[in-house]
Amino acid sequence: MSRKLLHHGFRAFTALCALLACSILGWLIFAIARRGWPAISWQFFTEQIRLVGASGGIFYNLIGTGILLLTAFITSSPMALSLALLHGVYLREGRWKRALETLLYVINGMPSIVCGIFGLIVFVQFLGWGKSWLSGGFLLGIIMLPTVTVALMERIASLPVRYVEAATGLGLRQSQIIWSIILPQSLSGLVTGSLLGLARAAGEIAPIMFTATIFAGATIPHGVKESPVLSLPYHIFILAQDSFDPSVGAKVWGTALVMIGLVFVLSLIALPARLKMHEEAHHD
Amino acid sequence: MTDPILQVSHLTIEAGSRTLLRDISLVIAPHEVFTIIGASGSGKSTLLKSLNRLVDLTSSLKVSGQVSFRGSPIYAPGVDADALRARIGILFQQPVVFPGSIAQNVIFGVKHLGQTRKQDWPEIAERALREASLWDEVKDRLQQPAILLSVGQQQRLCLARALATQPEVILMDEPTSALDPKSTEAIEDLIVRLKVKHTLVLVTHNLRQAQRLADTLAFVGGRDGAGQVLAIGNPDDVLSNRDQPELAAFLVTD
Amino acid sequence: MQRRFSFTRLFSYSFSALAAGTVVAMFVLLILQSLPVWQHEGLSFLTGTKWFYRQQQFGAAPMILGTMITAFTALLLAAPLGIGAAIFTSEFLHPRLRLTVKVVIELLAGVPSVIYGLLGVLFLRNWIYDLLTPFDPLSGDTLLTGAVLLAVMILPTVMTLADDALRGVPVIQRHAARGLGLNSSEVALHIALPQSVRGLLAALLLALGRALGEAIAVFLVVGRQDNQWPYRLLSMQPLIQSGQTITTKLASSETNIAYGYPLHWAAICGLALVLMVMVAGITLISASFSRRHVP
């Protein structure tokens, strides 16, 4: 009966792995929530930082992250739509289509700090913008581009061929088909992909630390040049480096909780659409 | 009459709120070809897979009633379903070959069930391949990837793989539906030969096949939204039965 | 046939070109801007162990080593745990529960790295310090701390991608093996695992790429000590002392100082280039594994 023994042993081992993995990750959320919760109050969201993070709230950090994410969304959308259209409509199977996929793989794997260095060279120095929300938004847009594009590509690939055939039968030109059928039908892919991409971009620091964000002293930007913003993750990053002041500590945990909350909300809104897509993919 | 090898009593299978099979009772004698016909979607595949508890793998299915194998209930608590499946082999509609060589495929079961010695494997493989009438076609290329075989050969390879573990019963779920006429004939000839040593339960929608092979024929039809055995017995009797509207409709359309 | 002018087409091609151009520009810019350091140091930029920018000495070997050590140790820790857990979710867990676990794991995969860094600063480095007491460490900021933190960070990625790879093995293959009398563990070991090897490798490589390129979390716990070239390479020593990785160097304030000093700046860009080539290479190998090759 050694087969039986092996079976139970193996199953127990994998169960233990799963349990360990889940409890590490569960502890992580619990640790943040428990310490962060006391810091959360209405004022925490509506006041600005005072006393180097020891007092006040994170109002302008929220605004700053919001501005960065909105900019990232606006920059990534046209690029993602274009790449997805190229992939699904314009390019035939072959070298260029593979090159496009490779491009997405490379961007997806790109270390975000390299994006930051690139931004420092191009935006801060060449263009002379100094720190600016616009460069940060653009870089975050590049970071989230693969996520958005892949979601759109999957959506376009799943469109029933008969739609396009019916439209071609009506004598519509390719661009008319794109605007009247493909784009409206794949809008959900853009939304889902963007939410997931934004969830990823929201917590990124490396691309924006040299190019767009500062710790304190910025409010709402009025131009492009020398117009940095505050942001949530950078706030945590700076405070984490010297969080020995207990009052600062409470604020860091609070900010971390808000940060996680933001990321989870973005991913959870995208969840139903993703599960639906998942089911379709596994429904042969 | 000899003792039945498989006995199904009041078997009901539900998937959520839907009843797939209702109150099925059957008796399968050793060394017969027990054949089940029915329209697609009538639940005959599910019935077949309930005989070796392969339905357990689909978590949404709920089984009530009982199936007995050689007199002992297989849905009783404490029954080792894996050991049961080693004694009741199964062949699917599409051949399912594993990655690897022909030889690796044939001995896959015996190797992992661990009741044989390694030096016996080549002999077991040859015996199984001969029983499946595949030996002459593959004996010179046992180390080649199994996926290179034709679909008909692949199906016989799967049969050989099941035979290698020397099961008492072989379940066949429309084993020829993916095959060309020649391969179909090869499998049908095999079924006739195999019943000398084994018991076969065959699901088919091919009436000619059922007529040719069946010792006992059961018709599963959908009535009141669930599959039920509407006619059973001698093949000629069942196929000339005009009392059941579902069977009449099936015989006309098929 | 003459193709009609199409605004949509023009739009698609130009914005795609913008995306592709940005990536190409990154490579080109980093190559061009790092030229002075290659001229100055030659290959000893990669092999030199001394980095003193005031003395114009730029040897990146300790940072390359630090990057490798943290990333591979992280993978070594996360791979067995993640794949083991994925086998449990894909082979043994009830499908409905599996979906729930998967949603939770994917949520966790999205937790920002700075959060991990924060927890690393406040907990992990103390634990590592206590753990290393027998070795008399200088602090809890070690490459090991960075590696453990990275392992936790890539764990959800490994789990969810490995689960996908395992689920990619056709159900009928499992049923055929179960039909022969194999139990679910044997099916996992002899059917699911061997048939998903490519997918699992792709998952691990992708996770390795993540670990190599991660900057922020490691930055907070690794100590950022320059010029830590170990006396003995094949020992625990490099792991339990503080060090520097490429990413932590790039994220440090030295990057801000360096611009304006061509050689120093070239050295920074050289580091970024080395990192980018490493990660891009791994990503491309991973991609070639996960793409389906129809035989």
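Chains here go by letter, A, B and C, matching the order in which they are written, and residues are numbered from 1 within each.
Here is the rule we use: a residue touches a chain if its C-beta (ideal position, glycine included) is under 8 Å from a C-beta of that chain, and two chains touch if they have at least 3 such contacts.
Worth saying up front: this structure is predicted, and the values here are computed from it rather than measured.
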Relative to subunit C, chain with the most remote C-alpha centre: B
Contact pairs, highest-scoring chain pair: A-C
Rounded Å distance, subunit A centre to subunit B centre (Cα mean): 51
Centroid spacing, where centroids are CA-atom means, of subunit B and subunit C in whole angstrom: 49
Between subunit C and subunit A, distance of the C-alpha-averaged centres to the nearest whole Å: 18
Multi-chain contact sites of subunit B, meaning residues that touch two or more partners: 113
Where subunit C touches two or more other chains at once, by residue number: 183, 186
Touching two or more other chains - residues of subunit A: 3
Subunit C partner contacts - residues on subunit A that touch it in the complex: 3-4, 6-7, 10-11, 13-18, 20-22, 24-25, 28-29, 31-32, 78-79, 81-83, 85-86, 90, 100-103, 105-118, 120-122, 125, 142, 145, 173-175, 178-179, 196, 199-200, 202-206, 209-210, 233, 236-237, 240-241, 243, 252, 256, 259-260, 263-264, 267-268, 271, 275, 282
Complex contacts: residues of subunit C adjacent to subunit A: 4, 6-9, 11-16, 18-20, 22-23, 25-26, 29-30, 33, 80-85, 87-89, 91-93, 99, 101, 103-108, 110-119, 121-123, 152, 155-156, 159, 167, 183-186, 188-189, 206, 209-210, 212-216, 220, 247, 250-251, 255-256, 259, 268-269, 272, 275-276, 279-280, 282-284, 286-287, 291
For the subunit B and subunit C complex, residues of the former touching the latter: 52, 54, 57, 59, 82-87, 89-90, 92, 94, 96, 98-99, 108-109, 112-113, 147, 158, 161-162, 165
Touching residues (chain side subunit C, partner subunit B) in the complex: 94-96, 172-183, 186, 190-191, 194-195, 295
